[in-house]
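Heads up, the next two complexes both have chain A, just with different partners, chain B and then chain C.
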Partner chain A sequence: MSPAQARADVIVVGAGIVGSACAHELARRGLDVLVLDDRRGGATAVGMGHLVAMDDNPAELALSAWSLELWRHLAPDLDDASAYRNCGTLWLAADDVEMAAADAKRATLAAHGLDCQLLGARALATAEPALRDGLHGALRVAGDGILYAPNAAEWLLAKGGARIIRHAAQVVQVCGNLVRLADERWLRADAVVLANGIHAADLCPDLPLRPKKGHLLITDRYPGRIHHQLVELGYVTSAHASEGTSVAFNAQPRPTGQIFLGSSRQFDTLDRRVEGPVLARMLRRALDYLPGLAGLNAIRSWTGFRAASPDGLPLLGPHPGQPGLWLAVGHEGLGVTTAPASARLLAAQLFDERPPIDPTPYQPQRFPLAQSAVPAQEARP
Partner chain B sequence: MSEHYDLLIVGAGPAGMAAALAAAPSGARIALLDDNPVPGGQIWRDGPGAHLPPLARRLRDGLERHAIPVWSGTRVVAAAGPQALLLEDPTRGWRVRYDRLILCTGARERLLPFPGWTLPGVTGAGGLQALIKGGLPVAGERLVIAGSGPLLLASAATARAAGAHLLRIAEQAPLAALARFTAGLPRWPGKALQAARLFDHRYRAGSHVLEALGDDRLEGVRLWQDGSTVELACERLACGFGLVPNTQLAEALECALRDDAVAVDDWQATSRPHHYAAGECTGFGGSELALVEGAIAGHAAVGEQTQARRLFPRRQRWQRFADALARDFALDPRLKTLARPDTLVCRCEDVPYAALAGRDGWTDAKLVSRCGMGACQGRICGGAARVLFGWTPPAPRPPLSPARIETLLCLEDEA
Partner chain C sequence: MIDVHLDGRPLRVAPGTTVAAALCLGGDGSSRTSVGGQRRAPFCGMGVCQECRVEIDGQRRLACQTLCQPGMRVETRP
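What follows is the complex of A and B.
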């Protein structure tokens, strides 16, 4: 069957936060976009929706800091359902070593122009009285926040107006700028953007994406117990660095008054079930920081899979072996944070412009990716 | 180190009590747990306003005579390893291991949204019964009961005994179906007595609720009746649209379902070895069927096939009654169209009908609208969404009901 030209300039595969941000950005630039999503749900549907400046390496910081700025620009227009809150993050230091790490982080973030301060033990206790005694302090990052990602994605798509058309359809094959749907139809556009997270590896088996399973839990409504997003500094140092199953404390005050608890990491499983021992370990870690949670009711727990790349950075740019195919995948746990900047970086490359940050560290060609099996037509808008 | 029992029974209604008493003489170590304050289930719910029948008392006494531990006020939080459950009561959370499990988790009322259904004064039909048994005074209040099935009659009987002024029972099933059902009743002794109530002038077939009226609380109800609408002023409206089997725990244990109920074989065994189910969670059939199913499950679970088999004919008889119920009280499709765009479907999260209509399924609707994300975790709106939109919520995850975080810590060691 010969491919039909989609009634759009670009096809975006995946309507999660990254695909929606890409579609939003491309529509903003005057392109017509067809968004295809099979409604399986990915990381956007199950994640915490945190907006957090991360600085594991300079490229991560550059992307997340720029993206947070873009979110803050979008924030006044976001609808209530997107539940954006600029609550800030407190990176908690349990001892002197972590306090030194907090100070180093402060220096790094401040050098990048981010608003942050160190809090001593007493200031921390005043800011968050529910935390246990004995913590040494925290780094407060003022520009961080939270949102409800499924509805933020909906909002981004809706803002594209008539330029964005959405179809509930499953893409079963991708070949450059061609996609095949489950009903055997082939569609063609000037460009195809793959933004379907972990499912991208089903369509492009050469993508170096690895699922990292996570557990989350949310409580009933207990307004006013915590005020910031709370994260242990071990989150970036010891706890999640290993290859085995790990947990780290992460808590959010949701606008509903619910307390949202994470996090866990497990490799090489695609079993969606909640695993009691992992959940319990994660909660024990949370009680270590917030002992008052013990008697509160949990109402729901679930799991999800982060699409992790080998170097922890997303793949943003052209697929080196498949002309016409563009990638916006591999965001791991930072897809919500970095979606707007990811979309800008991708669009700048599509339009052959120079983006505000260097796109090189995120370009897919840093990995050995294969040629497509079927020759595809080269095309750029 | 967690506790261990030969036989654990979840639910102390008719099925659960019958199962425990059938299994007790074998000498098996048995424990029975239930989330109500005392055994009896929904049908024999106890309280200041309750009048328990002798049979219910006999069963309760039997549990005491056999010294079977009954954990009341106890909920199942999660499956906790291959043959273990995590439980919680008001004071503790703990893990129990078992060799055999019998699920007698019963059924809950199906509530369907209609304009005004969230007004104070509007309850479920079974819900009103439970409130009255719990001591709610209704004497002198004008009451309308609407919905479907024999539970409407039971609710009416309880309310009248408590002094409520019953104005109307509106049964949505058409008269022809009711006539067929009542004609069959003499085959089931005891049920004929209930049938006498069917001919009360206040009972109308082919009639359903359209709207609950009132600003801050219920002031009246608009009904569809005899091909037109009527309005009745009242203080209470009790609506129930049949029962939904409670299958959450069975699903969490990966037992197969059939027709939205736990699938069982002749021995009341589920698809999972060593796991049995009896009573309303295997399909609605009334307390008589639940009792005999429970007894069969109890015998089968302790290896007494002969005793179990002797009860097969009795079960078959009551099963025919259950089949007639399902056939004759099938829901009228018009009940799917009662809600208006602004009618709430999910009460926990205040989600109106308009936010759900047109979505691609339960998960899509839930993500976008928060429907089913509240404390009841979709138990009410999930059942409604199933009728209204044909959506199937996915298998439940732990915690199966709200549970203290410290209780969930018991899942750390599944050995």
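What follows is the complex of A and C.
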């Protein structure tokens, strides 16, 4: 069967926040985009939707800071269902060592032009009275926020108008600028963008993506208990671990009044079940910071998988071994934050332009990727 | 018999009555109002679906998993 030319310039695989942002950006530039998604759901469907400046390395900060600026520009136009709030993040310091870390983080973020300030113990207690006594302070990052990513992804696609067409279809094979659907049809476009998170590894086994499982829990509505996204500074240590199971306190005030709790990290499992012992550890950690949680009613707990790359940065750019295939994957837990800037970086490379930040640290060619994934003879289009 | 208050009104129920049953006996059957403004009511009856969240003596509880106690104050609104 010969491949049919898709009625689009670009095929985007995956309608999560990253795929939707890519489609949105390409449509904004006047391209017709076909978005294929198999409705399996990925990180977008289950994550927290925390928009957060992360500074583990200069490239992560450059991408997240730029992307937060793009979100703030989009914010006035986002619909109510996207539930954007510019609540800011408080990075909590439990002792002097963490307070020093907060100050170092302040210096790094401030040098990048981000609005942030240190709060002492008393200012922190005033800002968030539900926190336990004895915390040493916090770093407040004013430009951070939250949104409801599944609806924001929908909004990004809808804004593309007639230029974006969505099909519920499963892609079972990619080969450069060709994709094969589950019904055996092959489609061709000028470019194919893989933006389907952890599922990209099924289509491109050479991609260095590892699942990191996370647990989440949400309470009934308790308006006004907390006001910022609250994250312990130890979160960074947890997020950096590459083995074993770690938990860190992370709490978000939902616009509904619900309190949304994370976080945990586990490696190399794809078991979706909520694991009691891990959830219990995560909740004990949360109680260390918000003792009042003990009297609240939790209504749901679930899990999800972050698609982690070896260096913690996404893969954004051309697949070095497959002409016509472009990658926007490996965002780990930061895809909602970095989706708009990821889309801009990808589009700039597609259009052979120089983007506002150096694309090199995110380019897929930093990893050894296979030269080709030529289909077997009988399947060759 | 047990006397409780449902949205400020007195209600007399038999011992062993769940709050979910009391909602049916003395109110509109609903436990709460959703974010979207809809009235919501008990569904699964076994503590799983979370539809019957209701305020009991100032705490959020599941109506289907809570037995009426003397003097209990149950609030389903807003």
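What we mean here is this: the second predicted complex is superposed on the first by the 370 of 381 C-alpha atoms of A that agree within 3 Å, B and C clash if a C-alpha of one lies under 4 Å from a C-alpha of the other, contacts with A are read in each partner's own complex, and residues count from 1 in each chain.
Operating definition for what follows: contacts are C-beta pairs under 8 Å (C-beta built on N, C-alpha and C of every residue); 3 or more make two chains touch, one makes a residue touch a chain.
This is a predicted model, so every value here is computed, not measured.
Taken together through their common chain A, the two structures put chain B and chain C in a clash.
Touch criterion met: A:Y222 reaches chain C, while chain B stays clear of it. Of the two partner chains placed around the shared chain by superposition, chain B is the only one that A:A45 touches, whereas chain C remains out of contact. When the two complexes are superposed, the chain touching more residues of chain A, out of chain B and chain C, is B.
In the superposition on chain A, A:P277 contacts chain B only, with no contact to chain C. By the touch criterion stated above, A:L296 is placed in contact with chain B and with chain C alike. When the two structures are aligned on the shared chain, A:V174 is found in touch with neither chain B nor chain C. Comparing which residues of chain A touch chain B with which touch chain C, the overlap comprises 220, 295-297, 299-300. Per the touch definition, chain C reaches chain A in the complex via residues 35, 50, 53, 59-62. Here chain A touches chain C in the complex through residues 220-222, 256, 295-297, 299-300, going by the rule given at the top. Listing the residues of chain B that touch chain A in their complex gives 78-81, 86, 360-361, 363-364, 367-368, 373-375, 377, 397-399, 402-406, 408-414. Those residues of chain A that touch chain B in the complex are listed here as 39, 41, 45, 81, 150-151, 154, 168, 217, 219-220, 273-274, 276-277, 279-281, 283-284, 286-287, 293-302.
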